Amino acid sequence: MRIAVQLEPFDVGAEIDALHARNPAIGAVVSFTGYCRDEGGALAALELEHFPGMAEQALAEIAEEANDRWPLQGATVIHRHGKLAPGDPIVLVVTASAHRRAAFDAADFLMDYLKTRAPFWKKEHPSDGTSEARWVNAKAADDEDAGRWS
Amino acid sequence: MRIAVQLEPFDVGAEIDALHARNPAIGAVVSFTGYCRDEGGALAALELEHFPGMAEQALAEIAEEANDRWPLQGATVIHRHGKLAPGDPIVLVVTASAHRRAAFDAADFLMDYLKTRAPFWKKEHPSDGTSEARWVNAKAADDEDAGRWS
Amino acid sequence: MKLLYFAWVRERVGTAEESRDLPGSVQTAGELKTWLAGIDEGYAYAFEDQAIIRVALDKKLVEDDASLADASEAAFFPPMTGG
Amino acid sequence: MKLLYFAWVRERVGTAEESRDLPGSVQTAGELKTWLAGIDEGYAYAFEDQAIIRVALDKKLVEDDASLADASEAAFFPPMTGG
């Protein structure tokens, strides 16, 4: 399990290669990369606040739970914080397993759980320069997605 | 849609970056990489036969179908042929969408359909050096997986 | 007790971190929310919809009925919006 | 008609590609399988379980009742095992 909470961007290809590491028991690697969208031009920047210490701990717990539920050969979860621009990568989840079903489901689960359980908060800075920055509201759909796994 | 059938390895990170291409409408990119396993040391090599012309066409049709079913910003499907060693990458699917659900489902669908509809056949070369190479049998589970989407 | 606030809870209370002596009557995470809501207008605004405010004791998410007995730090924040 | 064979179908018939004149009675993909099965022992072995052999006419997967009328090429192969 590799868990990181960082300001810097991450290298998706390097993370996938590092997780696979030519381990010949791995048949399937799934990655999910979440990017900052520009909301049709309305967004200038996204600010990501986090709870240092708890964020790493929450991501590690979620990864452990995925590891208990599926036969994984490994998993990587990286979440950025700080100020991001449209097009910037925000979050990366990579899962490795012998078979594709476990790798897909574990990555899907990690993203659903991370959205509702990891202490990160997004604030949107609009591009019109006049309206105030505003905190993103949690979506009921995210709670429903997380509920799929219980 | 980028479709390729090739002997050469592919670069997962470069393919993901090329598909995202800092398009600020994309919020989610999912990749699936399938690798050659060594089956606990029993496998020396995997030979992948394909039907040239039809393979590319079948992958393009499957990608079009994914594009019709989900709101994708793009998709990449690369399948290798020829002789592969344990640890080598075989197949890559990458999907991009505004939201994670569409990207996950489309990648999952592409893999399920590709397994049962793209003209590739695997032959396993055992590592014991005496037993004969043998064709991999199609799995009933793969047909069931493909049936999930109809 | 060490108290931490994040996102709009932090903005409304006007501080990210503080230390407060709690009255003996405040025994649970939920009671602490109610007590904080009475401090001033900013706290009242931050905790106006107490049910949606999440609490972590020593960096572990807890429910409102969790006991504060063994906790040295309580953090308050809105529902998470990461990922 | 141009005929192509792949994987163990190719190995059993002993060729990857050939051209054959079909009798007028062979009108569908399924009838072509039956006719090929009668050529010799290798073809009989390749088509011993006709139902599982897949057919593509001009590189499109078809069912056994598909007409050969407009096809210039027929390909025969086992269930796919790619991915």
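A, B, C and D are the chain letters, set down in written order, and residue numbers restart from 1 in every chain.
Everything that follows uses one rule, which is that contacts are C-beta pairs under 8 Å (C-beta built on N, C-alpha and C of every residue); 3 or more make two chains touch, one makes a residue touch a chain.
These figures come from a predicted structure and were not determined experimentally.
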Intersection of contact partners for chain B and chain D: none
Separation of chain B from chain C, taking each centre as the mean of its C-alpha atoms, in whole Å: 48
Chain C and chain D, separation of their C-alpha mean positions in angstrom: 72
Centre-of-Cα separation between chain B and chain A, whole angstrom: 23
Shared-contact residues (touching 2 or more other chains) in chain B: 34, 100, 111
Complete list of chain pairs which touch one another: A-B, A-C, B-D
Residues of chain A that touch chain C when the two form their complex: 34, 48-51, 53-54, 57-58, 79, 90-91, 111, 114-123, 135-138, 142
Touch list for chain D against partner chain B, complex: 4, 6-8, 56, 59-61, 75, 77-83
In the complex with chain A, residue positions of chain B that touch it: 11-14, 16-17, 20, 22-38, 40, 86-87, 98, 100-101, 103-104, 107-108, 111, 145
